[in-house]
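Have a look at the structure that comes next, please.
Labels run A, B, C, D, E and F following the written order; every chain starts at residue 1.
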């Protein structure tokens, strides 16, 4: 059977990798579905990377860590909370358990009858997406918060320059149509 | 003929009920259309209840208050203000008068040639949606601001726990995809 | 409690009215929700009338027939069958029974655990939407297939001329952008 | 003031050019808005060219014919006929007259109070979009049905090969996702 | 590096499995991305299975055939051909080669600079999605056209009854709103 | 060939006009495409004017300034940055150069291989959309920041009253459904 871990992974950092490893160790016979949320978002300060780039980050990090039994799936937002669990049930292969620390995700899946677990997050002050994006944009140390392969990939795609550009970007609306 | 009152009713409170009663008394021969706006929204801090739940609240409150001559219609957002009045004209049966205290709603309907009335709101400091949602989320007194039947319904569906969860929810974006 | 009858009602004809009467007689203590499907469609050969016009037809027919205990609700298409029942549950107040003769509607609601009844349709060769639309467009007899109040309303809004125009309309795509 | 001519222009052919010339001669002091309908469609058998390609065709043909006083505007479909006129009023600068041979376009604009004219179409058996697309796809004579500059542009962008490919394309659904 | 094979897989049949095996043998060092197209469609005659069900079919068939090095990704339609390749580039991890027998898919990817291969399809008269769906709906032999694990899965989810229901379904529009 | 200048022009002010004049003088043989971004937005504090009103402002200002060689095109948002350049390429006729001061617009077009120029903006403290909207809403001096013809047009359409109404409007969500 499968478990489901869903996140935005902007970017996929060491805390995420630790979470995947912990779930895989606890349920070695299950497959873990990793859903890349807000897949349609990219090039915004909060969602700088495309779903494809995030897929590549996760893929590289799992190979580097020699973790198998994981299936990665981009998941576009449906923007209707009341339909969200049903939407995921139609998009993904069957799963029997959900891992999340988000209170609303927990509420919606529990209402639908799923067991939900909230794994402990590690080093939350360092390993948090918003803080790592800020570090990337401002040339502060970020490399040690990511799996090595993810750090190298972010260099390849010019992530620091992209994040710095997005940070300057048009506030409060972040659409490129707005010079 | 019909009049139109449109709101989000998150939740339907005593001020709303007073408004409906006043309009019904003033125009006993008309039917009052009550449009439930942002019908597609639910499980967010600002829009915690589904359209169906809001429909049920209004239905119960009207029965309890023995008010008839009302038709309840969920109305999804079209998100284009310039088309909004035309959109409502296509979705709803004909109406000849609009009741609103919202300046933009007034502007758009007046531009389209409708008479618009702004009924006096009662006890606005107590009877305001945002304040009642805050009270529900924080276990402050809320029951006396709602029709009795609505209060009992909110208990039935576990509204206080839901509101408390949503309040903890992921800021600034309130989508469940974001652990 | 409530039952749910969902249709497009293009237009609301005598067969529909018979159906509503039969359901009301059988369940006099329930309210009947009448959902106007494909509410966003209008001015096409298959969906000539707006949701508001269909709402008005049903309202007039029910008053004429002195039928009460009915709530009319326009329902826009969501165009994702796998989410459809869940979507209706969020949009409508609670219902416990579904009336339909459509095999897919039956399948989807039964999968979701609802009891579904298929009421006998009367005079299906005369009382069928497509045939009545064809009669309206071609000046063939149509008035005796509709409740009297609906026939008068169709005259008021110039339905025969509209249907004749739509029939000439741009095949195969029926969008007005295509001279 | 302005007049409005709206079409899909797949492709912009000699009949269209004749129409524009006739309207310009009749109303030399007005500007003619040429709306490119279904602007979001491309690479289908019925809509082979992008809005940008159609814009370029019209632009070149007007320069070649030394016609001025024309403004070209791509118009995406809104797919809701009841809102269509209102949508165009919001998207386009003010216009006071509409030119169309499409019965539904005429009906919708007349309902909204616009004067509508139906200019005579010339050589409809040769100068009709579907027939020209068919000729392009099957290597039948098509060049003499188009303004010279449009014919040369279609060669530049490889239109005959594109049309031939689309014609083979996946029936009945024409989406590329379907090998 | 990766190759991309995209299809609807309604259902995933023996021809699809043969294709995957041939590609894997030819490029053993590459990963094969299998994109499930029209992922948002389900419960229609042409698209009876949800993306999740199709994911499960492919997963089971690959395990049964002991094929590895495959990543399965549901891909919702974007319905704009001119943007399709760019959309896939944003959704999927990088790929360098495309496998397709669809002429339009070939055209769009070649225009974008990708090498495209058209693998030979086997037993096209037996192993074609539309024919297998027809067989499922009409109780004709279908089991020998599918991998064994897929056949058993179709039994589990009651596919023959579903297909038979959909076949009766409302023509020409296949929406459940239309009794 | 063409150059592209894209903005929201809420409203089109003297700084915009200076920009157009500078580009036209520098490239007298090119046509300048002026794209009206966020074309679908109107009647919000940040986007008070419809695309059609903004088109009219630009048209009047260019005639008044006797500037020719400009094509005005409304451009609806696609809300997916990663597809934005490709979307514009499909919607607009070919352009070879982009003018923008927005960092993200620059980044996206440069990634796609376009030369991008950032013209100097004049008097940015006075000639900035947000400040002019604020002045319109609060009855502060605004007329000298706009081309004369645009100022007169804003009077014609009652812009100051509209802006004042929108400013009072429902915070934080600016939808009219929310009394």
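Everything that follows uses one rule, which is that contacts are C-beta pairs under 8 Å (C-beta built on N, C-alpha and C of every residue); 3 or more make two chains touch, one makes a residue touch a chain.
Worth saying up front: this structure is predicted, and the values here are computed from it rather than measured.
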If you list every residue number at the subunit C and subunit D contact, are more than half found on both copies (same) or fewer than half (different)? different
Computed distance of Cα centres, subunit B from subunit A, in Å: 36
Taking each chain's mean CA coordinate, subunit A and subunit E are separated, in whole Å, by 27
Approximate Å spacing (C-alpha centroids) for the pair subunit C, subunit F: 45
Can you pull out the residues of subunit A that are in contact with at least two other chains? 42, 50, 80, 82, 90
All pairs of touching chains? A-B, A-C, A-E, A-F, B-C, B-D, B-F, C-D, C-E, D-E, D-F, E-F
Spell out the residues on subunit B that touch subunit A in their complex, using ranges where they run on. 40-44, 50, 162, 165-166, 168-170, 173-179
Which residues of subunit C touch subunit A once you look at their complex with the stated criterion? 80, 82-83, 86-87, 90
Of all residues in subunit A, those that touch subunit E in their complex: 39, 42, 50-53, 55-56, 59, 71-74, 76, 89-94
Which subunit F residues qualify as touching subunit A in the complex? 6-8, 35, 37-38, 46, 75, 77, 79-82, 84, 100-108
